[in-house]
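Next come two complexes, and both contain chain A; in the first it sits with chain B, in the second with chain C.
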Partner chain A sequence: MKMYLAVLRLRLNMGMQYRAAALAGVATQFFWGFIIIMVFEAFYEHAAMTPPISIKELIQYIWLQQAFLVFVMMWFRDNELFDLITSGNIAYELCRPSGLYGFWYAKLLAQRLSSALLRCFPILIVAFLLPKPYKLEPPPSIWAFLLFLSSLLLGLLLLVAISMFLYISVFITLSPMGSLLVFGVLSEFFAGLVIPVPLMPVWLQKIAYVLPFRWTADFPFRVYSGHIPESEAVFGIFIQLAFLTVLVLLGRAALNGVLKKVVVQGG
Partner chain B sequence: MIHLEGISKSYRIAKRQTGLRQAAKALFYRDYTTINALKDISFSINQGEIVGYIGPNGAGKSTTIKIMSGILVPDTGTCTILGYTPWKDRTEYVKNIGVVFGQRSQLWWDVPVMDSFELLKDIYKVPQQEYKPTIDLLIETLDLQTIVHSPVRQLSLGQRMRCEIAASLIHNPKILFLDEPTIGLDAVSKIAVRQFIKTINKEKGVTVILTTHDMNDIEALADRVILIGKGSLLYDGNLEELRKHFGTSKIITADYAKNTVPFQIFGTATLSWTPERVVLSIDTEKVKTSEVITQLSNKVELLDVTIESQPIEDIIVQLYKEYQI
Partner chain C sequence: MSLYFKYLLIHFKSQMQYRTSFWLLSIGQFFIPFSIFAGLYFLFERFGQIKGWQFFEVALCFAIIHMAFSLSECFARGFDMFSGLVVKGEFDRFLVRPRSTFVQVLGSKFEFTRVGRLLQSLIVLVWALSNLSIEWSAIKAITLVLMIVSGVFIFTGIYMLAAAMCFWTVQGLEVASIFTDGGREMAQYPLNIYQKWVARFFTYVIPFGTVNYLPLQYILGKANGNELIHMLTPVLGSLFIFPCFLVWQFGVRHYRSTGS
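On to the complex of A and B.
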């Protein structure tokens, strides 16, 4: 346990060094958030029927998505881990008296946490201060807020567990680009980051509801805006836990599998 | 302590000719060749030994080190180190060993070296009261005072290597594997590293296995050498015997007062001759060094004589030739 905390601490320290990157990120996300809100606004004005999610809820959804981008985006990756695998430096990781899964999980989690800490607050604060239609509103109740917090954190844990498969696949393909594209596109789309899940056609929604991806982003954001009622949210948190357990167990097994066959060549 | 028996390992490598057509063909059909990196390797190493593990490039040195440190799984054979099988009891076993891969880095690139050390302390669960004296000793003997607070990316290769060695000793391992620890180091750093390896071997009884291409490392450190080539074990014994076996020739260089007549000395081969200097190669099994010098002094007025044994490098080259590797 102490080891995981140490990794977290070191990674946090490191992440805090990159202030310029964080600042640039904040600016981009504001710009992006506004564009998306305006696009949806245009659509909503000429909607033939009442959309399944209100524009107000949608705006909450988008601001949260921008603020916690690094919690929910698959493409936010640790290139160091890819380098470890492709260059063979993994040899050192294998000389450590700890399971590789836990060690890497801690690294990935810490990386996302450290980036989010620098980025989320400026976005949240400014989004709160915006004029009325574009404003980030507080959640409907304190319960909704607490449920949102726990579902967001569980969603983060879930996303890291999913992203572990990305790293495991690099053991086999040796090139992160392919895996990154496939994983990135699939997970982003089905997490509702391109089009919010409630706005998808019904048949697509059915697919999205079966897959684990929407539990990382779509679910916590809709809990915040109250689009998902509290009773349903509690049930959803159990589903998140179940997905997390299954994915961690599968990931562990898969990693142990590829490690048996790993070949570190040269030097 | 370390016991290897019949270890073999082969790699399957995809091969193709150069050219676009071949690349297109390789999309559908791949040609694999199997490379036997290790063939039936067996040896034992006792506690407190320093063993030099040598062989030409691609001989299988690093593969052996990786098997012994639990990274690779061999195809056949058994390996018992401190009662563990490295690749089976990996997490338990690696607490007892330290590994340095000369061409790789275990330090975090962006943070000061000390932060990496602290992380390793937590990874290996070293108690604070044990960590403090160890790290102090490492910093002092490896002369790291001025560099441990700089980020790794700002260190030179030699500085980084000294930190790498320190990093692999934080948990006081019983065995240290060094895979080319002196690669790319300057003379001063090399000597510092050698001196350090000697010290920890003497004072803490750490068993050291090192691979290197620098024969001076071997000469300075190893009492025992294991030679492998093309995956097979070729020689296992001490350095002196190796020298005796191959090193019976000596080189004599003599300077003398000007003498324009070339001369021959019985039992020697003349490597070069000028009116002031002659370089002779002698086989000490056929003729004694003292006899050669006597003959020389009879012929010319000697000013200076130096006698050199065959350098260890030449012995190794000769050895590689003899085993056709």
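On to the complex of A and C.
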């Protein structure tokens, strides 16, 4: 456990080095946030029926999404790991006296965490200070906020568990592009990055609710805005925990499976 | 010009050496905008319209801007990837050759896999056009083509500006993606759904409005006022590339090699 924490800390420090890049990213995300909000405003203006999520809740959803974008994006990846697998340097990793799954998990977790820590605060603070319709409101109660925090953290753990499958699949395909694409498009769509889950048609929502992707980001954001009431949120956290356990166990088994078959050629 | 086509041919041949990878990437490029378009479709299914614009009208807008984007990404990729040339000092080699730097950088890279994205927007275009009742005339058809061409010019211009910035900053700037990726995302809806200041900025500073809004009004028969002006706006928008070209020339003159 201590070793994983050390990996985590090391990676966090590394990620913090790229502050200028993070700032540029923040500017980009602001622009995106504004554009998306304006599009939804225009849609809502003449809506025939009352939409299932109010514009106020939606705006909070979008700002949180922009602030914690690295918690949703599959594209945010570690090319080093891909190189390790395709170039055969994986042999060095196997020599380490630690489980590969836990080691990589800690690495990936730290990467996302450091990037999010750098980016989320500027976005959140400025979004709080914006004038009225665009403002990020505080959550309805302290309980909702605590539930949001815990579900966000669990969502992050869940996302890293999902992304582990991406790296495992590269052992079989040897080219990251294909798996990245399938994982990227599917997971981002079903996590509500293209359109928020409540605005999807009902049949699509049913699919999204079965898949693990929406629990990573859609669920915590809706807990924050109060769109999901607190009693339901507690129940949801248990579902997150269940998904997490199943995915970690599956991932560990799958990784051990492909590692048995791995052939490292000299060179 | 013949040099440019020679570059084109060589890059095409070299990318065709990895045929499977090429097709897979192209299919991937097909599906990324596909999911965005699916999102657009679902939103219209729920809301019906956006500030008086119907689904197929916005789909037309979407198709045009994505076509322009994929074309410029395919052919102006050299400028998009330019920071790599400066960092490695490879740009020095371009300077000693007796040809313009513009053609050489343009020819330094092509991304033919964008054909997938192009195909996707082409399908949307055909679908949208077959569902819209437009009284076609030769002039309207020309306007449609002009819109796409002008879009390509604007995106290329932004790539050039971003590339010219590298002469001073060396590293590529992520901020430029606000205007390329962000511009694409924004311009897939007609400009008048946005707040006034956004619409103004993207009409007079970076003229996306001349690609997707003003001529679109004309094609759909929504224009009030002089139709000729609406029709010619894409031409005016294309002029955007000239200041970009000047900035580029200015940047080249101030280039200092990294020496590596």
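The rule we apply is simple: the second predicted complex is superposed on the first by the 267 of 267 C-alpha atoms of A that agree within 3 Å, B and C clash if a C-alpha of one lies under 4 Å from a C-alpha of the other, contacts with A are read in each partner's own complex, and residues count from 1 in each chain.
Just so we're on the same page, a residue touches a chain if its C-beta (ideal position, glycine included) is under 8 Å from a C-beta of that chain, and two chains touch if they have at least 3 such contacts.
None of these values were measured; they are calculated from a predicted model.
In the superposed model, A:43 makes contact with chain C only, not with chain B. When both complexes are overlaid on chain A, the residue A:129 reaches neither chain B nor chain C. Once the two complexes are overlaid on the shared chain, A:202 sits clear of chain B and of chain C alike. Looking at the shared chain after the overlay, A:210 reaches neither chain B nor chain C.
Overlap of the chain B and chain C contact sets on chain A: empty, with no shared residue. By the touch criterion given at the top, residues 21, 24-25, 27-28, 31-32, 34-35, 38-39, 42-48, 51, 175, 177-178, 181, 185, 188-189, 194-195, 199-201, 204 of chain A touch chain C in their complex. By the touch rule above, chain C contacts chain A in their complex via residues 21, 24-25, 28, 31-32, 35-36, 38-39, 42-43, 45-52, 173-175, 177-178, 182, 185-186, 189, 193-195, 198. Listed in rising order, the residues of chain A touching chain B in the complex are 2-3, 5-7, 10, 13-14, 17, 80, 87-89, 91-92, 94-99, 103, 260, 262-267. Within the complex formed with chain A, the chain B residues making contact are 11, 62, 66, 69-73, 90-92, 94-95, 97, 99, 101-106, 108-111, 115, 118-119, 122-125, 179-180.
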